[in-house]
Amino acid sequence: MIRDITIGQYYQTESPVHRLDPRVKLLGTLLFIITLFLYKNPAGYALGIVFLLAVIKTSRVPIRFITKGLKGILVVLLLTVIINLFLTPGTELVSFWKFTITYEGIGVALTMLFRLTMLIMGSSIVTLTTTPNNLTDGLEKGLGFLKIFRGPVGDVAMMMSIALRFIPILMEETDRIMKAQLARGADFESGNIVKKAKALVPVLVPLFVSAFRRAGDLAMAMEARCYRGGDGRTKMKPLIYKKRDAIAYIILFSFVILSVWIGRWQVISEFFNSLYLRFILK
Amino acid sequence: MPLILDHVSQVYNPDTETPVRALDDVSLVLPEGQFIGIIGHTGSGKSTLVQHLNGLMMPTEGNVYYNGKDIADKDFNKKELRKHVGLVFQYPEHQLFETDVFADVCFGPKNMGLTKKEAELAAFDALRKVDFPNDLYYASVFELSGGQKRRAAIAGVLAMKPDFLVLDEPTAGLDPVGRYEILDMVSALHKESGMTIILVSHSMEDVAKYVERVIVMDRGKVAYDDTPREVFTHGEELEAMGLGIPESTRIARMLKDKGINVDPDVLTVTEAADSIYAAVTGNNK
Amino acid sequence: MDIVKAENVVFEYIRRDEEGNPTDVTTALDHVSIDVRQGEFIGILGHNGSGKSTFAKHLNAILYPTEGTIYVGGMNTKDDDKLWDVRSCAGMVFQNPDNQIIGQVVEEDVGFGPENLGVPTKEIWERVEESLRAVGMLEYRKKSPNKLSGGQKQRVSIAGVLAMHPKCIVLDEPTAMLDPSGRKEVVRAIRGLNDVEKMTVILITHYMDEVVHADRIFVMDKGRVVMQGTPKEVFSDVPTLEKLRLDVPGPTRIAWELKKKGLPLPDGILTAEELVKEIEKCR
């Protein structure tokens, strides 16, 4: 179960998406997420889905690998859907006991489900197709302007890259620790939430101990290899925009403009709607 | 109560183009009272195999029976199985979590539903059985040496009073003296209590000296299942599996090939030295 | 020239209670003097806790001597200005392969050291390629380290150090966490570095069979150097080695037993082949 979480993992293969400059991918993800909140009609959704599927297809990452990542946050997704389903006021569809489902509720729940799913899938594409080193390089350069304000961009980028590298290792370790404790009769499944939380102590203690030891070892190994912060470092793979990145930017911006154009009608009509409502309410 | 594996297979990623058969049609009978070694190099399936013995992993094909019952049955009590089949993993650090050794050893018996008093008695008994130093019972688990951690981890499982004790690479990372101390302790445990001990290892030397039965795993299959002497007659095949035979045996065979009349089935340094000495002085006469 | 020169090095750990008052002093290194010449293969043996890893950390200026001095490439490790020169002169490989690989792609990890040294991009690529080739891992350059075996990961770690072009490479129990085949492949890679690349190697281990081909061996116990010499000299004293909790190679032990029984075998037999040859002579 714990291995199903694919966020933060790198999927090794050769594809045009893999070869893109990480800055393109990062900006692309940001813009993609923004567009998700622009449109509120089926045409917009369809555009978003088509765009995402096209990117996934080009990336040569099996779609099953990406959807597997959703399993990890299934609880969050369901919770969002349920909350929106029951707590949105509006025209009543059905009502039982204290709960009421409204037409608006269904609409909002579906919209949220769509947005979250797309958001997770969209952002996992970046990590799946970009090595953490590359990703942090992208962040480092993309956020380079913060250096003017003395932001430790290089160090933060290095921290992120290391965190990403150790996620799979620590997950595997969690799995092994859980098995070791299961073999001693630990029970992670039965009981109420307090009992379940307590049952995790035998897993968390060894996990933290090991994580701290790893951190100490790693710091020593990095120092031994002359790491002394971001200053004075050179890059094995410096970021240089290529022709394909320009093409990607063109595609990306066309998609954004198209999204705005499709979404605009809805946004504008809602704007008038809200004005109208306010006017009536007055 | 014997453990029986009946045509057990474990397939990872069955739906993909590259399914991995971590276990491939393994059938074994593990009776009570034996001292068994499971040998194989990394990736041979030996660690996967032992996780089937206490229900941490369930076979994707075939069945595992304990006490005549299929452990995959809905009403089968896995927690009860884990009490009878104790499994100690390779890294003791993965299991020790309490503030002191004694409290940690009590964790298993408490999970088995024993009262505090009973659990403490079981813990004392287990720590004594593994020759844990008396003055360290209440020491922090972080202050222990590698060998002591190993003993504490074994005691933690032993305190559940299992019928089977499965030890996954119990000597990894220890120095030679520490290695033999642990193995001698395990061997004594076997003699005194008569429980079945299953020793998982990649070291032929370790296994040859102690066990009565060797199960050699290779690419998910049982390659050999016999007495050490019998298994080590397959020197070349073992070499091909990345295992090799004990060095003493190898040297005896090399001498035999040179026409010196040495017993080619010796297992330990002492046996080899005795046999070589007898052969050489005999030849001199 | 001596690459490493340790003169009467003492290192003490001071334990403190909760208020920070010293309660106990542990002497981890007790007047250790070791010198290593260019191109040598040096083995440092000792059981867990003998002080050998503490010594290794001194060579890389991770720890500093309480007394005495250590010169690495002619530089005093206590000299703060030379810290990074010392570290790039004596490259260090640690025990746990998972805790020293920083990159998520093999080649990026090997490039990490040169990047830190400010090596120009083009040269980094050349160094990465030559280092991976030296340890036989070139074909894995695009792989994720998580997908490699323990032995392969350790070879990547060695390549990562090689790419910094050190004058000597210090390996602190690089095989302790590996299985026998992993151990073999790492030891083969290390010997290759010394034989082919003429790299000065300091191998710290508790497996004696890994250092039978070393030029010189130092055996440590309780923070002191208790034996030193060529492998043949050191390995001829089996009882002392066993008392020091070391793993004496099988052939050496059999030879020792036979000698005790009265067979006229020479001292310091290290390999099975040697033993067989000598026994044949006894007939």
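Going by the order they are written in, the chains are A, B and C; count residues from 1 in each one.
Quick note on the criterion: a contact is a pair of C-beta atoms (placed from the backbone, for glycine too) under 8 Å apart; a residue touches a chain by one contact, two chains touch by 3 or more.
Keep in mind the model is a prediction, meaning the values are calculated, not measured.
The chain pair A-B and the chain pair A-C differ in C-beta contact count, and the higher one is A-C. Taking the mean Cα position of each chain as its centre, A sits at the greatest distance from chain B. Chain B and chain C have Cα centroids separated by 31 Å. In whole angstrom, the spacing between the mean C-alpha positions of chain A and chain C is 43.
Every residue of chain A that touches chain B in the complex is listed here, in rising order: 173, 176-177, 179-187, 201-203, 205-206, 209-210. Only residues 60, 62, 84, 87-88, 91-92, 94, 96, 98-105, 107-108, 111-121, 124-125, 128, 142-144, 146, 160-161, 164 of chain C touch chain A when the two sit together in their complex. Listing the residues of chain B that touch chain A in their complex gives 51, 54, 56, 79, 82-83, 86-89, 91, 93-97, 107-108, 111-112, 142, 156-157, 160.
Residues 47-49, 149-150, 176-177, 179-182, 206, 245-251, 253-254, 257-258, 261, 263, 272-273, 275-276, 279-280, 282-283 of chain C are the ones that touch chain B when the two sit in their complex. Interface of chain A with chain C (complex): residues 10, 12, 131-133, 161-162, 164-165, 168-169, 213-214, 217-218, 220-228, 232-238.
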